[in-house]
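Down below are the structures I want you to see.
Below, chain A partners chain B and then partners chain C, in two separate complexes.
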Partner chain A sequence: MPPAPAAEEFDLATVAIRDLNAALHAVPHGTNRRHFRVTNPRGAHSIAVGLTEPVQVDVMGPTGYYCAGMNKNATIEIHGHAGPGVAENIMSGVVRVRGNASQYAAASGRGGLVIIEGDAATRCGISMKGVDIVVGGSVGAMSAFLAQRGTLVVLGDAGENLGDSLYEARIFVRGKVASLGGDCVAKEMRANHLAKLDRLLKAAGFDADPGSFTRYGSARKLYHFHADQADHY
Partner chain B sequence: MCGIVGLFLKNPKLQPQLGRHLSAMLVEMTGRGPDSAGIAVYREPVKDALKLTLFHADDSYDWDGLAKALKKRFGAKPEIAVRASHARLTVKAGADEVQAFLAAEAPDVRVMSAGDTIEIYKEMGLPERVIARFDLRHIEGTHALGHTRMATESAVTTAHSHPFSTGRDLCLVHNGSLSNHNRLRAVLKRDGIAFQTDNDSEVAAGYLASRLRHGRSLTQALEDALADLDGFYTFAIGTRDGFAVLRDPVGCKPAVLAETGDWVAMASEYRAIAMLPGAEAARVWEPVPAKVYAWERAH
Partner chain C sequence: MEEKPTAGPVLRESATFPPRVVAEVHRAADEGVYEIRGFGAKRRLPTFDDLVLLGASISRYPLEGYRERCDTDVTIGTRFAKRPVHLKIPVTIAGMSYGSLGTRAKGALGQAATMLGTSTTTGDGGMTDEERAASKTLVYQVLPSRYGMSPDDLRRADAIEVVVGQGAKPGGGGMLLGQKVSERVAAMRDLPVGVDQRSASRHPDWTGPDDLQIKIEELREVTDWQKPVYVKVGATRVKYDVMLAVKAGADAVVVDGMQGGTAATQDVFIENVGIPTLPAVRLAVEALQELDMHRKVQLIVSGGIRSGADVAKALALGADAVSIGVAALLALGCNRAEHVADYRALGTAPGYCHHCHTGRCPVGVATTDPALEQRLDVDVAARRVRNFVSTMVLETTTLARACGKSHVRNLEPEDLAALTVEAAAMARVPLAGTDWIPGWGKSG
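Coming up: the complex of A and B.
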């Protein structure tokens, strides 16, 4: 069996983002061109967005807005910090940030796994719809705002208004929570939650005891308007 | 949308390169603000004198004539250094009396900054054009702030460009929009703050000037701003010896901070910081909303 081909390299000092993304989109289905390296990202926007094939892309430095947005099937690893909106609307595949992530990481993600080894800023997982997010550090204020489905795991602390207006997403936090948003409450950790958390921690490569986390979820009081709350308005 | 950059040099050996590095950062923020650009630079402090940056819409304005008139009124002849539409004027007189003189004798001349260290250069057009026009790449100094503007709420003119100077050696650049600036402007006018435009960011600048006049420190004034300013903002504020950064409590407008042994830098996006020497080894972080970050040079 021949050895796997070496990673194909795109140096953003000489290659335009548009050309990089066009080349990644042109990778044919079923090819053995599987590994790409992007060097000199220097905070550029929209690196490796809209991929659909199960390729591995290593981005060798910090990225700007929307890296790995709309990802489907690909595994994208950012060897540095990620700018706003990393993995926004991810459909499937894996996005790993070796550093910190700016605001609204994995916003509205529908599937796949997003791993942030450092901290994530405000609104991490806002309006998430099925993505699993594991943050090695802490998350900023308003994380998982309007989260509908999927799982947010935080090994560190969470900022103010965690899970405000939450639907059916699950949140697990190991550290302190500055405050819970409207309709977000601490819930009992049952065996199925421990198993799910254990799977996610292992998949993300973190060695942490699922039993040391607290689960948060929706109190489901905002689902319907209650006439007896009318005087609150 | 707008772009903000700031560079505060810790290593004095980099001071001759301040303009070059800040210009590189500013050009990188062109996409965030193509309407106008400007910088405030802290350099060449004057002793027992007042340094003003003045603007006249006509590049061929007779600055020597103005210098002669100032000499007649205040005795010693002021020093004038012209850069395109702007002129730096150093005069041995008080800020209020010089401004009153200018208002009466040269009403077309606008005061962009006043202090003993600050200079402000700003103009309409792309950052690259503004930098070339004022020859900013060759400007040296200890620290500087820059702004690229995409106008959203008031006209695109030189006067509406940032930075806004707000008091002696103080300036502010803003990314965002304020929603209570009209009422606040009226309150501040009663408190003796003068405004040159209808711009919302100038109100934020005036607000800080007002708080400082009332004896608040810069950090306290910015903490007051969290309660009194309504809207979206990332501010960078320059002072004689340092600079500060504040984001509103919701923190929608981006900001990145970075620090090495040689410099502290702030920008709307990392790609501006990536232009700096040693950026790849810098400690990089996102300022937390509603928290004041301030640096000051030790004396």
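Coming up: the complex of A and C.
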């Protein structure tokens, strides 16, 4: 078997974001050009957005807004901290942040796996629609706000109003929860939840006991308007 | 012996609590929830009816109606997009979701837009394959809820519209009552079937104009800078919003006045939030002019546009195009006197219906119920919309020719006069018979 080609490098000190994304979008389907390295990102916005091919992209430093936004199939690893909206609306593939993530991480994500090894700021998983998110540290306030589908796993603590106005997404938190948002309640951890959590922790590369987490989900009281729930509207 | 007729009691209506208000108090007392309904504002508002066009005579030459050309085309997205949108007419179809409307209604709108050489727009629920197939030019909305949001749909759209707000509810989030959240709608929106869908009023991944600029750049990067990016706002602080949208990099700005329609919104919102379309156009044009961006960033105006007269007046005030929603639904068949018993069952009548929120649309437009949807013949409905919009365009060119214009975009504020002091102040054109613009002294 021929050796895999070396990673192609894009140095953002000299290459424009437009040229980087155009090159990544132009990768032909089924190519053996599979590995790309982005150096000197220095907080630039929209790095590696809208990818569609199952390539590996290593971003060697901190990113600005929306790195890996709307990702499909690609595996994108940020070797540094990620700015706001990392992996927003991710459809599939894997995005890993080696550092912390700013607000709105994986916002409205519809599939795939997002791993944040450090902490995630406010609104992590806001409006999530099927993505799985595993956070090694803690998440900020209003995380999983209006979360519809998918799973948010937090190995640390969660800030205020976790899971406010939740639909059918699942939340697992190992640490303390500052407060739960409207319609979000602690729920019984059943065997299928433990199995799912175990799978996700393993996929994300964390060694943690699923039994040490608490599961949160929707009380489903806001699904149909009722005058007695008006305070929540 | 015949009884003498006696005078009945003299009923005296309260100005503060007329019967309509009394009924609403009783309804709220029974139900404990605000009224939710469809359609747009029903209260009387200043409109384009309060303006008149000044046809040519001795000081201006009119163009001959059947011989001299009056063009209507418009190009949107000339600022940054590699592929601007070219439309044959300055009337587009506004965003309305699959879910609030059925597949057949969406398909008919797409077919009509294609026949007319104009664009139609998705809505708060994603893009359907049927809609994409029916529409030659399709604008894809990116909304706060992000229901059904997909980069594949971004790529297969012809333009992108970032919706910050809409005229019926500036500052409000989406709403779709459980009876309309069918299996397909629920699957597209990643929601459980039958829930009352509540959605956010703010985008999940940006707040403020600086973020919006970065968001627009991301959308352009994802789509390789091919497509025009519009920003749509509900008309409130129009001047600031238009300026900020331009600063954020919009190719086009859509300003939706408070008469703009909705499928389901709180009545209190529809009737009390936002400003009418008439002053909104003028404020938007002023904002663009101040930035030297008028005609460079295109302005699309919507909210209660019903006729060629409205189109001509909006263009004369400086809009590049208009967008129609409710008027297009009416053309499809909304409020037609068919299936009258079903209107009655909803507690309404043809001509008065605003019951899109119920999912029981008597004419099969605002429903996803398969049986009701069958009432809409797609080809017939598409032809009706085509006929209606063609009529609007004919009316517009008739008026433009009368003002001596060989292209509808050449209509200008100087072609207008106002019939009321309010309209003169709002549109900033002189009160008819005077050279007075309230708040501005003499015109010119």
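The working rule: the second predicted complex is superposed on the first by the 226 of 233 C-alpha atoms of A that agree within 3 Å, B and C clash if a C-alpha of one lies under 4 Å from a C-alpha of the other, contacts with A are read in each partner's own complex, and residues count from 1 in each chain.
We take it that a residue touches a chain if its C-beta (ideal position, glycine included) is under 8 Å from a C-beta of that chain, and two chains touch if they have at least 3 such contacts.
Nothing here was measured: the structure is a model prediction, and the numbers come from that model.
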Inset, instruction - Answer with first, second, both or neither: which of chain B and chain C does A:R149 touch in the superposed model? - result: second
Inset, instruction - Could you look at A:L200 and tell me whether it touches chain B, chain C, both or neither (first, second, both, neither)? - result: neither
Inset, instruction - Could you tell me if A:Y167 is touching chain B, chain C, both of them or neither one (first, second, both, neither)? - result: second
Inset, instruction - Kindly classify A:G43 by the partners it touches after superposition: chain B alone (first), chain C alone (second), both, or neither? - result: first
Inset, instruction - Report for A:A141: first if it touches chain B alone, second if chain C alone, otherwise both or neither. - result: first
Inset, instruction - Check whether A:P84 is in contact with chain B, with chain C, with both or with neither, and answer first, second, both or neither. - result: both
Inset, instruction - Please indicate which partner A:R110 is in contact with in the superposed arrangement: first for chain B, second for chain C, both, or neither. - result: second
Inset, instruction - Using the touch definition from the top, say if A:F225 reaches chain B (first), chain C (second), both or neither. - result: second
Inset, instruction - Mind working out whether A:A68 is in touch with chain B, chain C, both or neither, as first, second, both or neither? - result: neither
Inset, instruction - Check the contacts made with chain A and report whether chain B or chain C touches more of its residues. - result: C
Legend entry - On chain A, positions contacted by chain B and by chain C: 64-65, 84
Legend entry - List of chain A residues in touch with chain B within their complex: 42-44, 61-62, 64-65, 81, 83-84, 99-100, 102-103, 121-122, 140-142
Legend entry - Residue numbers on chain C that touch chain A, as the complex places them: 31-33, 145-146, 149-152, 154-155, 178, 189-192, 195-196, 198-200, 204-206, 211, 214-215, 217-218, 221-225
Legend entry - Interface residues, chain B side, partner chain A - complex: 250-252, 254, 256, 269-274, 280, 284-286, 288-289
Legend entry - Contact footprint of chain C on chain A as seen in their complex: 17-18, 21-22, 25, 45-46, 49-50, 52, 64-66, 69-70, 72, 84-85, 88-89, 91, 104, 107-108, 110, 123, 126-127, 129-130, 145-146, 148-149, 165, 167-168, 222-225, 227-228, 230, 233
